[in-house]
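Next, two complexes with chain A in common: one pairs it with chain B, the other with chain C.
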Partner chain A sequence: MADPLLNTLESIVTNATPLVIAAIGETITERAGIVNLALDGSIVLSAMTGFVAAYSLNTALTGGGMAVATATMLAIPVGVLVAMLVGALIALLIAVASIELNQDQVAIGFVLTLLGVDLAVFLGTNYARIPGPQALPIVFPVLSQIPVAGDIFFKQSGFTYLSYALIFGAWYYLFQTRRGLALRAVGERPEAAFARGVSVNRLRYLYAGLGGALVGLAGAAYSLNIKAGWTTPPNMQGDGWIALAIVIFGGWHPFRVVLGAYLFAGLRALASVIQRTPGIEINIMVLNAVPWVLMIVTLLLVSSGAIERALLLLPRGAQKWARNILRSDPPAALGTRFDPERGS
Partner chain B sequence: MDIELRHIHKRFGPVHANNDINLTFLGGRIYGVLGENGAGKSTLMKILSGYQPADSGSILLDGTEVDYRNPQIALHYGVGMLQQDPLDVPAFTVLENFIFGAIGARGYRGHAAARLLREVCSRFGFELDPDTPIASLSIGGRQQLEIARLLALGVKTLILDEPTTGISAEQKTILFNALKSLAKNDGLSVLLVSHKLEDVIALCDEVAVLRAGKLVGTRALPATPSELVALMFGQILEPAQRIAVNLDNAAEAIRFENVTLRSKRLQVKDFNLNVRAGEVIGLAGLDGSGQELFLRACVGLAKPAVGHIHFEGRDMTGASFRQFLAAGAAFSAAGRLEEGLIAGLTLTEHTALMTEHHPVIDWGRARQRTINRIQTYHVRGTPESQIEQLSGGNQQRMLMALMPESAVLLALEQPTRGLDVDSARWIWQQLMVRRDIGAAIVFSSPDLDEIVTYSDRILVFYAGRVTEIPDARQATIDQLGRLIGGHNEEVPR
Partner chain C sequence: MKQQAWLSRVSLAVAPIIVALLLTGLLVIAVGGNPLQALTEVLRGGFRDVASFAGVVNFWIPLTLAATGLIVTFTAGLWNIGVDGQITMGAIFASAVALSWNLPGPLLVIAQLVAAMIGGAFWGAVCGFLKTRLGVNEIFGGVALNQIASLATLYMISGPWQPPEGGSVRGSPPFPPESLFPVISDEFSVSLVMLIVVVISLVMIGLALRGTRWGLSLKATGQNARSALLLGVPVNRSALSAFIVCGMLAGMAGAFRTQFAFTSPSIRPLVSGGIGFLAVLVALVVARRISWLPLVTFAFSALLGGSAQLKAVLRLDVALVGVLQGVLVLTILLFNGLRTRLESRTSDRSGTSATPTPSVSGSEAVHG
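Moving on to the complex of A and B:
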């Protein structure tokens, strides 16, 4: 574990964790046709509330004479649950505004993201810069013994292990189950889903809430793990927008979304390594811009015909799989409303 | 399955779309449900298939009254409907669509589902590859998939809304054979909603005719088209009068000189044509045989790869659409709301777009011009109506009204697409007025009657190959059918 490269790789996985969780959550929500633009505000607000809940419980328990380790073990899950609730609530607000009140999802999401950040700063003032409970890395049995990969992937916190489960779980659910089929159909062509007996708006509420809860979980991953505590201004502010971009970069596919999140975290790590290396003089602004430029180039490659032509060289069975992975069209009914009365 | 509809009423605001409809459909028979646009036939079928609830009235299936609020429950009772634009999910594959919505425990992995799909396909001659994405299927293919899906779900009544719009002749044959077999061998009741009389006559055992929301009659087939038209409109429409026009001294409107047009899928090669003022040229052929490409080349939307295009004697090869418009060409696309009109804008705003050339719009003048056009073209709408609120026929009228009076050449893609007989006739009356004042008209149509009735000359496209029929009055539907199918040996170009 002394190897600095392994250290860097391990920290990339750690730092990518909230991005992975938030982007997977947003992928699920958008696949159902709802765009939750309030990601940044949700992450910040849920990070604050999650921390405050965990901190308060932790303080109360240790004050009552409980051992610190036990109190932390109880406080962190509660903090996580509160954060998830906050995330889910914000996402459900967008769903209600769209489905019941006929409001524009993008406009509502934008307003809520601003509100979320300001509310968090306002309500969290008294909790800024005080030490609180932090989720510590858990050495995963057996798997951590694998050379290299074990050090990188399996000496992480519970949040990161959860993110692994989410990646495969989301993929399996979306593409291998009939519920996943209905979820995708609701975001692609709600009329067709309705005709097949799916309650379109019920599913949209469900997946907006579920995706929002994951966004809240991402917030907790910041304040209870990688950037433990609460600061003003919030030190994770802006990452919500990055997660939104990663969803687009990832073509609404969990595997590509994860790739995007790791790529982004990797480039960030690279930038900081270069910054620390004496003898290399690169403007920090240029380094910060690199991930975005790379994303745009990749998107261009995917949407141009080049990839499609390369696909034709693959064996037929692999083509379908690869095309599915490389698909970059947004869900066709993203951001639209469905009125079952009119069937459209 | 026997179906009985009793006293069905449905209102949309002031419109009584279904007014006390009583009808019986028996299993094993094919019924045509006829009516002009807005007669209420689609509404009635949506009620029967659960897409819309009736305001009052009852539905009896095999003598038992049923009550359903959504299409899923209707399907459960065995009533399935194929929508005009098949209700599938374009992002899914054929197999995913086939499975999605299936009742019961068939697993998503779907080997059983794939086998079932293959069985239905091989029985009816459908060609569907389970792994093809829907987005790359033709309308005909998507239709076949929907039919296969509904049959696999065990429907006993199959309703089809305008199923022959936009499918090839071969697909139509497959479809009709499948429907006949389903009625005869499986005892299904098949309901065909259509305003294509020849389809109804070819397929159905019996017709029910709706007019303005009311059932005006049922009748057993065979019947002649004019008898059905009489039922639909309460009068016999005379075919439009053909006046032979002497074009010998007419000026040249557009001339193609050794033109080769290329698109991704096909090329129209080494093509010569001289269209004169006051001439009407009909373009026949299956969808995508080159007629769209040619029409677009007439107005600069497609550029010739080789050769020259002269517009009123001026070489305009390679000129832009804008330049063609300025020179006096006009174009209307088949997709009215997609390419011709702008959903969300009012009629006045459409007029202003076409006629107001100053940086600041004179809304009073634009409104007055709109009112004039509404009156001249009998558009049912107000200057403040948004264009998408108008019916298809009125949209087409407005589209015509927006074409400049001085147009030299009208290039029209399916000008009467989706219109009822009356609206279509009215559109053609207006077009003939344009022709009489010297406009040349080039139009495509999937309706051979329309082409034979209104054209002076006919060009038949088959896979980019063009065959000219110099005198449309001599053309027979039979001959056209052969040419469209690619048999052109007997008519040398």
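Moving on to the complex of A and C:
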């Protein structure tokens, strides 16, 4: 691993991990017709709670005489579970407000995202900037022996391995199973799904909670792995919005979402490499603005029809194929409410 | 019977406040604080003396300006989360004038306000252009533009406006004396000019939304953009105009912040102080009832004014006030939903939406 390029690529995969997990979670939720706009607050709050849970358990166990390595191995999964629970609860609150109380999902999500950050800062003050248990990289047996790819992809933490499983799992579930078909139907044409006997709102609760739990997992990936601990102001704040934009960029398809997350992490890494290069003088504020400009540009590409026009340049045979891959329409019933008593 | 209905109405209006206080109180207990003491400190904090009350008013002015602007964009069905960046951009433009123009006092004050309106309107127009011409949803455009605006502040402070003593990002040098907004008295340092500006803005926006062609076209755009377009309302143009008007008001709030947010008038990082996000919460609570707006912003400002006491007296994190405000807005929205659910159960079940927010259809909500 002496090669600096390999090092950079490896760190891109590490840094993209929470974005991948959160964006896949949100993809699942939005595919079922619910917008969880509270991603940013959820990630921050679950990062804090996950860290505090893992830290407290770790301290208690080592204080009781347990070996540090064993205590960490117990504390991290517990922290992860707590973070997932927090993420799921926030998403379920949005679902309840929409389904039972007819409130706008965007409004509730926005309030919750602000609230999540404030809550995390308030409750986490005493845990800021203290060392706690951290998930260490695990050298994956056999696969890590592959030249180049092994170094980049298979000397990562458990969070990253989980994210690989999620990518393929989400794709398989959404597009290859009957349950996935029902999930998508609930987000596209709830009345049709309802007519076929699918209980629309029950599925929406289920996938809001599941997607929210994954957002919580992403939060834990920050505080128990890549950002190592908790700080105020939260150092992962803002990434939730980027994950939301990646879902749109990814056209609500797991593979493209992942591509977006890696692309994003890659460009960020590029910016910091440029910054460290001697001889190039770029104001650090300009570099920090890069992700946000990128966010606007990627959304622009998706929505302005630029991709459509680029497709017309392709040979006719390839056009249909490419259009299928680049399709980026949101689920038709996204953000709307379904009333089973009226069937609409 | 009538009295009973009235009673239940009042209790449903008070209930969210009590629930929010209880929930936040539990959090204070969780960190080992005394919730009653915290509440009294926050409530009293803004009203201890003339100076602390001036502090409350100095939160109220920018918050009311920004929230008034948001009523305009909400009416047009737009989620103008970018309002925070519009405040920041107004502050940057006002600072540019204050730091480099040579004008006599009153003119320099007016020039700052005009520059701030241009700055805020410019940033609002960027968001509106992205939304209406290029299809970038205003929520994401706004979030990104907010970040870019605060980075622009840091850039200006660390570069062109670096104080002579050298490289810090703490803030610009203090503005020259001619640029300062006149205040009522040293003790009660509130700008009378700005109070008048706020009142005029509130009245003008209220009247414009109710009784002008422009206001009606905004309403039509907000309620159903597609049929408004079919009826000949220039949907894109009215959306863009809403962003620009909101930006102008938010920009003035930014100019105000440079004058009154810090110990000496200057521009510093986080100059908006999150006022923009708070204004979104206010706009969610008042929905389109603009006459309620100054009261709600006053309540929120009083909480902000009292927050300094939390840290000073009780050693509790100031974020508690943000928590209380967030929980309050959340419970109000949820109780709104609960009320309509109960009402529609007792009367006929006409499915009118209780949502006081812009009716963003789902696909539009995230896609544009």
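By definition in this document, the second predicted complex is superposed on the first by the 301 of 344 C-alpha atoms of A that agree within 3 Å, B and C clash if a C-alpha of one lies under 4 Å from a C-alpha of the other, contacts with A are read in each partner's own complex, and residues count from 1 in each chain.
Basically, a contact is a pair of C-beta atoms (placed from the backbone, for glycine too) under 8 Å apart; a residue touches a chain by one contact, two chains touch by 3 or more.
The structure presented is a predicted model; accordingly, all values stated were derived computationally and were not measured.
Legend: residue contacts after superposition of the two complexes on their common chain; A:A192 is shown touching chain B, with no touch to chain C. Shared-chain residue A:Q176: touches chain B; no touch with chain C. The wider contact with chain A, measured as residues touched, comes from C rather than the other of chain B and chain C.
In the superposed pair of complexes, A:I248 makes contact with chain C only, with no contact to chain B.
Of the two partner chains, neither chain B nor chain C is touched by A:L312. In the superposition on chain A, contact of A:V106 is made with chain C only, not with chain B. Of the two partner chains, chain B is the only one touched by A:R184; chain C is not. By the document's definition of touching, of the two partners only chain C reaches A:L300; chain B does not.
By the touch criterion stated above, A:A165 is placed in contact with neither chain B nor chain C. Across the two superposed structures, the residue set of chain A contacted by chain B and also by chain C is 329, 331-332. In the complex of the two chains, the chain A residues touching chain C come out as 30, 33, 35, 37, 97, 100-108, 110-112, 114-115, 117-119, 121-123, 125-126, 238, 241, 244-245, 248, 283, 285-286, 288-289, 292-293, 295-296, 299-300, 303-305, 329-336, 339, 341-342. The part of chain B that touches chain A in the complex is made up of residues 46, 51-52, 70-73, 75, 87-93, 96, 99-101, 108-109, 131. Note for the complex: chain A touches chain B at residues 176-178, 181-182, 184-185, 188-189, 191-198, 320, 329, 331-332, 340, 343.
The residues of chain C lying in touch with chain A in their complex are 27, 30-31, 79, 81, 130, 134-137, 139-141, 143-145, 147-148, 151-152, 154-155, 158-159, 277, 280-281, 284, 316-317, 319-320, 322-323, 326-327, 329-330, 333-334, 336-338, 340-341, 349, 351, 353-355, 357-358, 360-363, 365-368.
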